Amino acid sequence: MPEAGSTRVVGDQPVVHRRTGGLGAYLRSIGAIIWKDLVAELRSRELLSAMLVFALLVVLIFNFALELDIRTRETVTSGVLWVTFAFAGTLGLNRSMAVEKDRGCLDGLLLVPVDRTAIYFGKVIGNLVFMLIVEAIVLPLYSVLYNINLFQPGLLAVILLGSIGYVAVGTLLSSMAVHARTRDVLLPILLFPVVLPVLVPAIKASNGFLQGFEMAEILPWLNLLIVYDVIFMAVAFMVFDYVVEE
Amino acid sequence: MIDVRGLVKTFGLKSVLRGLEFHVDRGEFVALVGPNGAGKTTFLRILASLARPSMGEVRVAGYRLPAQAAAVRVRLGVVSHQPLLYGDLTAEENLFFYSRMYGLTDLEHRVGAILEMVGLHARRRDLVRQYSRGMQQRLAIGRAILHDPDVLLFDEPHTGLDQEAAAMLDTLLQDVAARGRTVVMTSHNLDRAADLAERIDILSKGVIAASIKRDEIDPLDLPKLYRSVTHA
Amino acid sequence: MEPMPKALKALNWITGALFVVALYLVLIFAPREAVMGDVQRVFYFHVAAGWVGALAFLVTAIAGGVYLARGERRWDLVAQASVEIGVVFTFANIVSGSVWARPIWNTWWTWDPRLVTATVMELVYIAYLMLRQGIEDPDRRARFGAVYGIVGFLSVPLTFLSIRIFRTIHPVVIGSGDPTAAGAFDMSPNMRVAFFFSLFTFTFVYATLLWHRLRLQRFSEKVEQMKMKILSV
């Protein structure tokens, strides 16, 4: 039996299993899932290119809708950015789960003897990386287009915290939405009302940093973001089993 | 190796499996046949630890499902009618990925050996998306035996294959099964089941309605028996 | 069809009687509010409807949790029935609030934290119903419903919190977003009686509706079972 380090034979080759279970195995499978998502994406670039083009289109439409002249720009920039990230994010979340569902890969993952939450965290980190890549391209572009400096450490921290919360809930909900008949339409409807407590503080805190408010005014928002991230990560951790297991 | 007693599975109000009894010895190759909607796939998903039984006792490789699912999963390989492979990864990358998930060592060697065995070594750097259906199924078998499982489950592995590819798959299935592994395969094709398996179980209306050893029956009588059982 | 259980019959009558009394208390017994006039009477049922909405969604979250732990279908039925009632009462809550706000705040709507939270909550549970509708396997539908019921319920207080901080930093000047500022009043003892009695009555209304809804569900299942029996013969 393949307990710790036992040896057997397959295809005339000896087979060695590492110890199953334990934190090492858990982290290794999370790593494997992230690696798999990144390799597949770097090759096809389907998800990233869709998210990026979409994000740029949203920024463009806002340009006309809001007349982003110099005075209004300062106050609406954080709103424009977060709406852009949120919309582009749903595209990515939908696609990343559809890949797992369509060829039965989700079953393949579930057949592996690892804790189901490893699948959740693997997908969360993968989705987070995609979202951060999109943000890393949109931010400098926006900076150049509208001549506004977005590279402030505070703002970047807010974007990271906000993206974590968004992806933590988004990954959980997208793994439910893929099973629905109306899956592409359903995800934003499920996600947006629940993720509002991430978007509101993220927008306000970003705005605070952009307008140079004092830290005391921004701090409650940051706290709220952190609280949200922790609560929803924990809840997803507890319920993810029930989402994927039949 | 597999022991199922009084298995009931309901979906809402509809009961698919109704007190099913099933037993497979170590090293046996059993084919499950039955009309569409008889519950073959549902049953196999329960054995694969992918679905929970509503009632009854299920033991695979000596472990109870769903309580000891992790122990079962270590000893279990599944080939489904879906390949369970990532289209945007190469064959090699797919196997690497699953090897890491299973916590195997000596990856290079192992993945190479498996690819050789399923006859895809020459095309290991091709994307799975570009593979033919038959090649995908062969790779799926490679994926299923990566961690050298004791029990193999095949869920309609021939779905969507042409004659030639199906014949090739048969050879591979027999090869994989011949290494002392226990195999359960579902099929809606009686001839194919009779060719491969030592025993044929007919699943009808949620129970095993008949169980026939291949060497105890004339293959020509099989369709008649099948009809009489499923239409009863 | 099985006859209505005695307890449910009794509950029907009690709830009906309570409702009549509540109407009397709200419309006649409670004094006319000095500043706002009769429009203030909306307040009693408005708050009561909001209370039932929140209670119903709490029940859904708890029933969902129990369903996940035990896997018994009846808890899922409770969760779903409760959401349906909650959505209706939250809607009544929002509309009655608007009716009151029109003469008092001089607008149908302000972006006050409570208003926004109630609306977001309503949207969460409409999404809940849409999720259920999109999923065919009943077990999966129940599991997903339970998970979304829990996630949604946790997000509501956070939504309220985030919008409230929002308002404290940037107070709304026009129309004042804060109901303690415009349209606030002290309840007289008689008003208080009407208020708490309304809450009490609406809780009974909720319980009665929930019971009826569950019974209806059982009937529709029976019909479904009979249909299957006839079709399989």
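Per-chain numbering from 1; labels A, B and C assigned in written order.
Throughout what follows, a residue touches a chain if its C-beta (ideal position, glycine included) is under 8 Å from a C-beta of that chain, and two chains touch if they have at least 3 such contacts.
What you see is a predicted model, and the numbers here were worked out from it, not measured in a lab.
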Contacts common to subunit A and subunit C (chain labels): B
Greatest separation from subunit B - chain, by CA centre: C
Two chains sharing the most C-beta contacts: A-B
Identifier of the chain whose CA centre is least distant from the whole-structure CA centre: A
Approximate Å spacing (C-alpha centroids) for the pair subunit A, subunit C: 33
Whole-Å separation of chain centres (CA-atom averages), subunit A against subunit B: 35
For subunit B paired with subunit C, centre-to-centre distance based on mean C-alpha positions, whole Å: 49
For subunit B, residues that touch 2 or more chains besides their own: none
Sites on subunit C at which at least two other chains make contact: 139
Shared interface positions of subunit A, touching two or more other chains: 246
Residue numbers on subunit A that touch subunit B, as the complex places them: 1-2, 8-21, 25, 28-29, 31-33, 35-36, 39-41, 43-44, 46, 99, 103-105, 107-114, 245-246
Complex contact set, residues of subunit B against subunit A: 45, 48-52, 69-71, 73-76, 78, 80, 82-89, 93, 97-98, 100-106, 109-110, 113-114, 116-117, 127, 143, 145-148, 179
Contacting residues of subunit B [partner subunit C, same complex]: 11-14
Contact set on subunit C toward subunit A in their complex: 68, 120, 123-124, 127, 130-131, 134-136, 139-140, 143-144, 146-148, 150-152, 154-155, 158-159, 161-163, 165-166, 169
Of all residues in subunit C, those that touch subunit B in their complex: 73, 137-139, 221, 224-225, 228
